[in-house]
Amino acid sequence: MKKVLALILAVIMMVSLLAGCAAPQPASTNTETQTTTTEQKPEAKKKFAFIFKNTGNPYGEKQMDGFKTAIEELGGEAILKAPDQPTAEAQIQMIEELIAQKVDCIALTGNDPDALQPALKKAMDAGIKVLSADSAVNAQSRMVHVNQADPERIGRVEVQAVVEMIGGSGEIAVLSATSQATNQNTWIEWMKKELEDPKYKDVKLVKVAYGDDLRDKSVSETEALLKSYPNLKGIIAPTTVGIAAAGKVLTDKGLKGKVQLTGLGLPSEMAEYIESGVCPWMYLWNPIDVGYLTGYAAFALVEGKITGKVGDKFNAGKLGDKEVIADGDGTQIMLGDPFKFDAKNIGEWKSVY
Amino acid sequence: MADFVLELKGITKVFPGVKALDNVHFQLEQGEIHALMGENGAGKSTFIKIITGVYQPDEGELYLNGHRIEIRNPKDAQKLGIAAIYQHVTCYPDLSVTENIFIGHEKVQKGTNRILWKEMHEEAKKLLDQLGANFDPKVQMGALSVAQQQIVEIAKALSTNAKIIIMDEPTAALTKRESEELYRITEQLRDNGASIIFISHRFEDMYRLAGRVTVFRDSKYIGTWGVNEISNDDLIVAMVGREITQLFPKKKADIGEELLRVEGLGKTGYFEDISFTLRKGEILGLTGLVGAGRTEVCQAIFGILDYERGSVHLEGRKVEIDHPQTAMKLGIGYLPEDRQKQGLVLNWEIGRNITLPVIEKLSNNGWLNDGKESEMAKNLSEKVQVKANSIFDHASLLSGGNQQKVVVAKLLTADLKVMILDEPTKGVDVGAKSAIHEIMSDLACQGYGVIMISSEMPEVLGMCDRIAVMREGRITATFERSTATQEAILEAAMMRGHAEAERAAI
Amino acid sequence: MAEKVLNKSFNSINIAKFRELGLLGFILLLSIMVQLRNSSFMTLENIDDMITNTAILSILSVGMMLVIVTRGIDLSIGATLALSGMISALTVKANPDLHPLFAILLGTLIGMACGALIGLVIAKTGVPPIIATLGMMNVFRGLTFMISGGKWVSAHQMSVSFKGIATSSIFGINTLIFIAIVIYVVFYYFINHTRTGRQIYAVGSNPESAKISGINNEKILCLVYTIMGALAGLAGVLWVSKFASAQGDTAMGFELNVIAACVLGGVNIAGGSGKISGIVLGALLLGILNNALPLINVSPFWQMAIQGGIILIAVITNALVKRSVDRNNLIWRKI
Amino acid sequence: MKEKNIIAKKEFNLKSFFFQWEWMLVLLFVVINIINTFLSPYYLDPKKLLDATMTFLDKAFIVLPMVFVIILADIDISVASTVALSAVVMAVSYNLGVPMALAIIICLLVGTLCGFLNGLLIVKFKELSAVIVTLSTMIIYRGIAYIILEDQASGKFPAWYKFLGWGYVGGIPFILIVFAVFAVVFGLLLHKTTFGRRVYAMGNNITASRFSGIQVDKIKVIVFTLTGFMSAVTALFLTSRMGSTRPNVASGYELDVIAMVVLGGISSTGGKGKLTGAIISIFLIGFLRYGLGLKNVPAQALLIIIGLLLIFAVMIPNLKFNFKKWGKVQKTS
């Protein structure tokens, strides 16, 4: 009896609460309570949200910094969010929260290309502009994608690099992130395509290992590679955790010069190994620029300067003019070629990101 | 006379809602064995816990050798030379016997505080030898029998060089022979200068050991007498507050046709070749030493354990019982030995406990029916005379005897033919004991077949129509009520071959 | 009667031994099978790698064993590890001249503080360990992210001496392994030869009696979680030094590996029993699996299922073996 | 001595009625809603609040049977893996040409089977606790999901399937309605049937339950099977919300679910607690997250807040009722 009563009371409470909500709301104009910078326009500032994959990731922090800089240059309000775990489920929840806040634009780096589609569709239906950056969501769930670098270029350049390091022949291996990381898998596909070229007939890709972006796993996977393939001459690690872990293993085992390492890594994480020569050079784009470009693209979408169609052009602040180009069945904006970090320039970048 | 080893004056202890002790006095003389008696719930356990520092009294004073003392925690008590052997053995089953003996006062090397295992094992061996036990002190406590664990508890008290030893129903779980051993040890302790408080429900314990007896009733102090000054009946009146006319109210029941027949039942390592029959209206006693396999046989019939050989026949039909539910459906009920662990859901109301076995029958196709449940719970708890205000009182708040009555009530819910009662009066006070005996007798008169497992000889002789005796997993003898004697039963329970047994079998 | 008891005790000692022998046998069998597939498994170098990688796991298992012995569980150790690792890495970054011993001390102290907090909550307020540590796991993880401001501490920001903790060696043994062995020895002595150590087992075996025996249960609980925290803190420093990187999400989910190592090592989840030798073997088995599966080229997609399967088979075999030993005992019992 | 009449009518006690954990939760729930309303102007919007429920109700389906599991003093940490495995099998079989309706049934079957297997192992190997068994099956189930789908995602479900996670019936989210139905069913099952009564009995004292003729093994298996089934229901709604599935979906759900159950006042030592408490705590945590999300509170702060809430929520009644419990313990000893 008590339970039923308690249940009924709880329900009544809920209902009355909801009924209270239905009462006339405070005027929506005075909802803006905090203002941080001087407003350029008389009406409320436009709100631009950026959702990164997960929190506590310096790469993402830099992207968010870039995004914020761009939006503030343009006089909007930037909302930066990141879930504590890199899951699509958490991002869906954040998208719902942003829809409820009536933001004008959502930019995000997707934790899953397809799983966010229903949520992002809902956002677009609510009149919110949606674009992805860095890690793309599928063409149906976005208006445009900001691509940090051409995956084909990344894949091919890395193979070219490692082949140059090992002197044109020998066994190489790839140490990737998780087995389902979309970015890495695309790059690995392009690496394999590049390797089909007859000029690489002496180069053999022996294994793709997955370190799951975990330090301990990446280390034991690297060690396993070295032991299973004693003749291994080069490792490509297109992931920041993986390349640093591999660098550490090669350093500890004194394999500098015997096994070459390249890939994609954060300059701050890799400075040690690039300076020591364990990893002669590696690539990455500037995450700050990725965020910055995303910010400008978002603003252009909201202002209606672009709609995400091929051929749209807009000004991207310090990055100059950018154009929307085709990408499969969607469209994208390309940041540029990956940037090469080597012993000469690593010193100036290691403290930046 | 002022020189009491331990004296308690005007002790009162109140728990929320209950006065557990109300202005209680107690005086312990040097070198005496002092029996403390009272029904369950009379406040004996709380009283002990005050002496051992587990609880603090709300009012009253404690004197040790005439000095006012305060015992704030068990450690204090230990330092003052007070040790207790509790009713439910408080051991550490995962630790060795040695550790159980020395826990809290391990021998350590001076300076480094390293535990001196070798010395402790030796000392433990010495203590055990002194108590006539010959098991290895390195054995895990959990591997010992209850009686052996009791001996370890005593060794523990000895090891602290305690001057005051409290024994809380040490004989409750022991057989006659083991009790004799305990008497011997207790007297030895007294002769070595210890003063002993001995708590028991058994009159024979008191007569055998104690010089004086103190009685509590309903949390109050009733009086202290020399054992020879007070008659058995007067003592019962003091404890119960009324006269109990008949301790074993066995009524004459008509014994009818065969109800249950067990043939050649066997389970490797537990029991072998068990055969007996039970007829309508009959009370069959199953006795023997603890660990002889009595409980296992009955649990196998009830479907808790499985048996590997033999068969069970109910009313001439062979039955397969793989689960207690099957047994209950067939009409076999079992009252477990350990009411707190096996009999009751302590956190639950009395009513719910009583109706648990038949909840399905009381329901409307699986939906609970509160009305029917309370009706049955009320009727049955009145029938077995549970002392409680309402059926919504929690079982944990009842005294041991009343808890046992609730378990008996549980048994009466189902439509049974055969009832197996495993030590139904163990650790139960005199009043509740006679109530349970009365119910048992009534049941037999109504045509039920009753199997009673018991280690208490007077109970077996007083209540049973026939008595089967088990020893080491086999039935060694069966007696008719008319021919059974205590000596014959003991003989069958121990037989020849065991030197110790011979010595103990008076 | 006495004869029976002796017999029984004899067997119960046997079972405990058998558990570890069984586990050892399983490890050997697995090693041989792996060796047949990949001959580089049994090389000195690989064994050294494997044990080094297992050192941190086994250090944590020691603490977790004590917690489980008291009928508790600690889900917060991954977070504690990350927090202390992050704080000590940040300290080292700010003061490159800091002696590595000081960093180790700092990390251990931070972990100890975290553990003590958990211990206090559990002992004083009666919050069940699983809840208290689940809550604290969130709190410590959140704090790690906040303190680091989302940034990592990278290899070049750490002093050589700090990174050297994990790579250097003492008496020819890798420092990590050395520290782990020191911890085994210290804790073996602690739990077998000191009063406090035995009291931990007493509390786990029967908390009610422990109270009556005058053991301060609350103190013991606090102590156990503080030890667990301290070991997690120490492991945090070692982790950061070994991988030369401190991240906010360091060791996320690592607590499950540690619990699995304890379970494999025969620590009874219901409390009261558990041995150092058992958990060392348990941790080793997990270490071998982590090391061997990539070596024998098992598809990464199969690795997880295989690991889970082996854990399940190991615990089930253990249970079955124990049953048949028990049954044998019964047959020998004279009736 | 006179025969005393034993009272068999329960008196309604207003004080003890309000002196319940569930009211504490309701109070907390109201407080959180008031705070949220003050914090964010967007919070108090009925439609948006209803939408918010859609984001956290997927895992709420597992909370319902988990209440039973925890009342049994067991635990099931394999639920998230069961979600992943059943979702993956459903997606794969649909993409192999199985009709969607049948694929949904397969999904439910897989989940049920996973739960049944847990239950069977726990009952057959009583030496192993539920923690150990479900810890291993947690790894195995997700491992099988990886074997099946490797690094792929699978989806492209028919359009109508999206309705489960995103649809409305009369303005109310479909998922909320389904949850309400399940909540009522489980509530009745736990509090109004003999099955529920037996579950409570087993959680309090499993030996006494066995001696009372309760088929403890059967009930345990049923409860774990139900947990598996409801995990599959979660898989259905989660997959619908995500439009596709991967082997790593629902990671960490087990801890969220257990946290909700325990916050709901269901004691992890078994035998105590009510389903209403768990249901309130689902909404409590859900709305708390939503409200803080609207304020764009960083994820790390959210972690800390929820962690502390969990500890304090369990701690406060312990502190408050301590003397009462203490008294009971002493009386029995």
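Going by the order they are written in, the chains are A, B, C and D; count residues from 1 in each one.
Here is the rule we use: contacts are C-beta pairs under 8 Å (C-beta built on N, C-alpha and C of every residue); 3 or more make two chains touch, one makes a residue touch a chain.
Quick caveat: nothing in here was measured; it's all calculated off a predicted structure.
With every chain reduced to the mean of its CA atoms, the largest distance from chain B is reached by A. For this pair, chain A with chain B, the centres built from the Cα atoms lie 71 Å apart. Here the spacing of chain A and chain C, counted between their Cα centres, is 35 Å.
Note: centroid distance chain B to chain C, computed from Cα atoms, is 43 Å.
Work out the mean CA point of chain C and of chain D, and you get 30 Å between them. Of all residues in chain D, those touching 2 or more other chains are 146, 150-151, 298-300, 302-303, listed in ascending order. Chain contacts: chain B has no residue touching two or more partner chains. Of all residues in chain A, those that touch two or more other chains are 54-56, 84, 179.
Those chain pairs judged to touch are A-C, A-D, B-C, B-D, C-D.
Residues 54-58, 60-61, 84, 179, 207, 209-210, 215-217, 219-221, 223-225, 227-228, 230, 241, 244-245, 247-248, 252, 266, 268-273, 275, 350 of chain A are the ones that touch chain C when the two sit in their complex. Contacts from chain C toward chain D in the complex involve residues 73, 75, 121, 125-128, 130-132, 134-139, 141-146, 248, 256, 259-260, 263, 269-270, 301-309, 311-312, 315-316, 319, 322-323.
Those residues of chain C whose C-beta lies close enough to touch chain B in the complex are 1-2, 5-6, 8-9, 12, 189, 192-195, 198-199, 201-202, 204-206, 208-215, 268, 272-273, 327, 329-331, 333-335.
Listing the residues of chain B that touch chain C in their complex gives 52, 54, 73-75, 77-78, 84, 86, 90-95, 99, 103-104, 106, 108, 113-115, 117, 134-136, 138-140, 143-145, 148, 268-272, 472-474, 498, 500. Residues of chain B touching chain D in their complex: 15-18, 20, 45-46, 49, 55, 242, 304, 323-325, 327-328, 334, 336, 341-348, 351-352, 356-357, 359-360, 363, 366-368, 374-375, 377-378, 381-382, 385-392, 394, 396-397, 410, 414.
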